[in-house]
Amino acid sequence: MFRTQEMEINMGPQHPSTHGVLRLKLRLDGERVVDSWPVIGYLHRGIEKLSESKEFIKITPFTDRMDYVCAMSGNLAYLGAVEKLCGIKVPEKAAYIRVIMVELNRIASHLLWLGTHALDIGAMSIFLYGFREREMILDLFEAYCGARLTYNAFRISGVPADLPPGWKEECTGFLKLFRQRHREYEQILTANRIWLKRTKDVGYMDAEHCLALSVTGPVLRAAGVARDLRKDEPYAIYDQLDFDIPVDDGCDTYARYIVRMAEMLQSVHMVEQCLEKMPSEGPLMGMKGRRMKPRKDEEIYFAIEGPRGEQGVYLISDGTDRPYRCKFRNSSFANLQALAPMVQGGLVADVVAIIGTLDIVLGDSDR
Amino acid sequence: MKLTRFIQKLILWELLVGMMVVIRNQFRPKVTVQYPKERIPLRPRFRGVPRLRYDPKTMEELCISCLLCEQICPDDCIAIKWEKAPSGKGRVLKDFIIDYQRCCLCGLCVDPCPTKPLTAIYMSHDYELAGSDRLDLVAGRTDLHEGRTVTIYDK
Amino acid sequence: METQMFITILISVVQISIVLSLVALSVPLLILMERKVIGFMQSRIGPKRVGPSGMLQTIADGLKLLLKEDIIPDRADKWVFRLAPMIVLVPAFVAFAVVPFSGTGLNVFGQRITPWVTDLNIGILFIIAISSVGVFGIILGGWASNSKYPLLGALRSAAQMVSYEVPLGLALVGGLMWAGTASMVGIVEAQREAHLWFFIPQVVGTVIYFMAGVAETNRAPFDLAEAETELVSGFHTEYSGMRFGLYFIAEYANMLIVAAVATTMFFGGWLRPFPNVSWLAFLDIFNFILPGQWGPFMSGLMWVIIKVSCFIFLYYWIRATFPRYRYDQLMSIGWKWLLPLALANIMGTGALLLWLGQTG
């Protein structure tokens, strides 16, 4: 007699489209996914434990290396937490520079997402177009802080340096160019029938499930929930900026695509406003010296809206200049939980689309 | 309206638009940099590996062995040897070692350096770090001043 | 009598070897062009290091593949594993036997040498039949690897090829009805007599044929059998060295075949555009440059090459732009759209021809 058998297949950790070192054990019935187990931890470096033995200032470079695609947001989340813990005020100009950098980084991160996501689904060129424009942002970062990937661009209580001469003009030029290029990406993908077929109704997850699994960021906003910490709990100078939160209620991969594409334009808009409103003079650092004196037994949680969702830092101090406990609430880790329910019942081809749409960074989830 | 949409769908309009975008990009300037032959020009603030420098006027050691950089380095990759100066005041630098294997190029060591405005330790523009031996990457004082010897690929 | 036969055989051998080497030589060129063209489209410059502006890159790659260790997985079905690449390669080359490369032959030493190896009266059928054999190679290769990703790739390609052979064949039927013959040479002659390329009355057929052809040759956006972001590299995941190279060559040879058939069937083969408009004769430039018999021969060859290149370019262009279809969507397009459309196209063509026949 013939007998059908389910096949167990290992996707990753070395696989062209698992975005780093995610390992996905899949049980397949033909091409259909019956079950899946994401296995993480291949990039675990013990950053949280390591942080407990370092002074506050020394932890910033680690935050670069968690979510290396949006290191600026990582820096900002951590420094924001430290500043909240120690009650340090950030000068206005520094806050503006921080927001400019973080928003540019959001564009860069979304460009990377767009490129890899489209490449996973098979559109080759847009991958390189995305990287081409991302490179310009990295050039801007290099001009500002000297690094292209692990920026370590901010310090406790402010930023180490002012924008270099000519930076503003370069940035404005880029933003102008980017708006054009953004239209081109949309022309290639948004109405493309193949793209629609591959993304519509793929990886469906409604708001209720998203919230139950603590999924945040564009994935949640694409499920119709307008949750954005920049508006809900404004930090830095976001309350002075005028921007919208793109929301879609498609709950699927296409809706997430639409939301992220719209977010890029919002970020461009924000950077333009910042460049305009930024005070030209003013202090850059809010405190002198490096001595940190947090109160004893203080616990704080501070979160910002990273490109992937809520990026939080939880600190417990014991009165010394090192954290007693440092916990990073990283969006990739939380969003990864949605992977298994999303791929259930889909095809193998959908798995890569869903990994792409969740936009996970394994360094972020493994820490 | 509906008819135009139908016709557009029929003649694969949006696919053609996408193809036109791709062809338009064919005529844009190429962005490839043929790395070992050409290099991207570095911005002035570029952070390569940290190095030491002399005072450009007097050609004397700028570093005053205050050990601040050693203390702030998150990876503990700086080691400084010093002696009391013969005059009894201040210190004399004996050796300065940076382990480039561990350096994360964070630039934190430059911040506290007290010999402002020209800091004794600075982030150089060297970024090609490769060696056939772990010890190759441990830079002593002369390396830090003169830079590591790099083999330049010129084929 | 004896000598005549001997000479005929000799001529055939010469023709075959010329065609074979032409195809084999054009494959590296195609690969290089693909990398260059797609590179340019993506703001890159493509291969650049080997030879002047990267011209020798594929040669170097080929050499590398030849010198590589030939790894056969332990648990593979050894014989089938070795056989499979050849099953793919041979039909891909054999199909060129009936492709006309130019219109007029050459007279060398009193012998007529035709620019096609043979002119079967069932040329089109021969190509379709032969190229479906190649599918077995892919399926067997994927199966024999005894590994999971290749198996998935083989499954996909089995389903895909079976469902796209049908619209592919049916799309050609419309053209055949216009031509009234299945001989490749006859088809082009029919287009000369009809004063038009069959592309014009057969737009639908051409589009269907091209889509099915892309699917047949496993190219984007229908490259599911080797979808590298999904199945690593599909059916040839376990292949290495020259066995992998054979699959690669076969893929490009198949592309050439699809392009050549499209050229012959719908775009007038070696004919220049509007072959009956006499003031356009200057387009056949070789007629004026080269003496005697060589002029028409080279002109025809030029047109074939130009038309085939356009198709190949279209292949690359599409690959650079589009995302990939999903397996089930691919099947539904094949069965729900292409097949009915192809059938409707045949009906329409039949009705049109009947009407034309009645009126004039």
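To keep things simple, chains are lettered A, B and C as they appear, and every chain counts its residues starting from 1.
Here is the rule we go by: a residue touches a chain if its C-beta (ideal position, glycine included) is under 8 Å from a C-beta of that chain, and two chains touch if they have at least 3 such contacts.
All figures in this text were calculated on a predicted structure; none of them were measured in a lab.
Of all chains shown, A has the CA centroid lying nearest to the centroid of every protein CA atom.
The interface with the greater number of C-beta contacts, when A-C is set against B-C, is A-C. Of all chains, the one whose Cα centroid sits at the greatest distance from that of chain C is B. Chain geometry summary: the mean Cα position of chain A and that of chain B are 24 Å apart. For the pair chain A and chain C, the distance between C-alpha centroids works out to 46 Å.
Centroid to centroid, with C-alpha atoms defining each point, chain B and chain C lie 51 Å apart.
Within chain C, residues 41-44, 320-322 each touch two or more of the remaining chains.
Looking at chain A, one finds that residues 125, 129, 132, 188-189, 192, 194 touch two or more other chains. Of all residues in chain B, those that touch two or more other chains are 15, 18, 21-22, 25, 31. Listed in rising order, the residues of chain C touching chain A in the complex are 38, 41-44, 148-149, 151-152, 155-156, 220-221, 223-224, 227-232, 319-329. Only residues 15, 18-19, 21-23, 25-26, 28-32, 34 of chain B touch chain C when the two sit together in their complex.
Of all residues in chain A, only 54, 57-62, 64-65, 125, 129, 132, 135, 139, 142-147, 150, 152, 155, 160-161, 164, 184, 187-189, 191-194, 290 touch chain B in the complex they form. Chain C makes touch with chain B in their complex at residues 40-45, 48, 317-318, 320-322. Listing the residues of chain B that touch chain A in their complex gives 9, 12, 14-15, 17-18, 21-22, 24-25, 31, 42-47, 72-74, 104-108, 111-112, 123.
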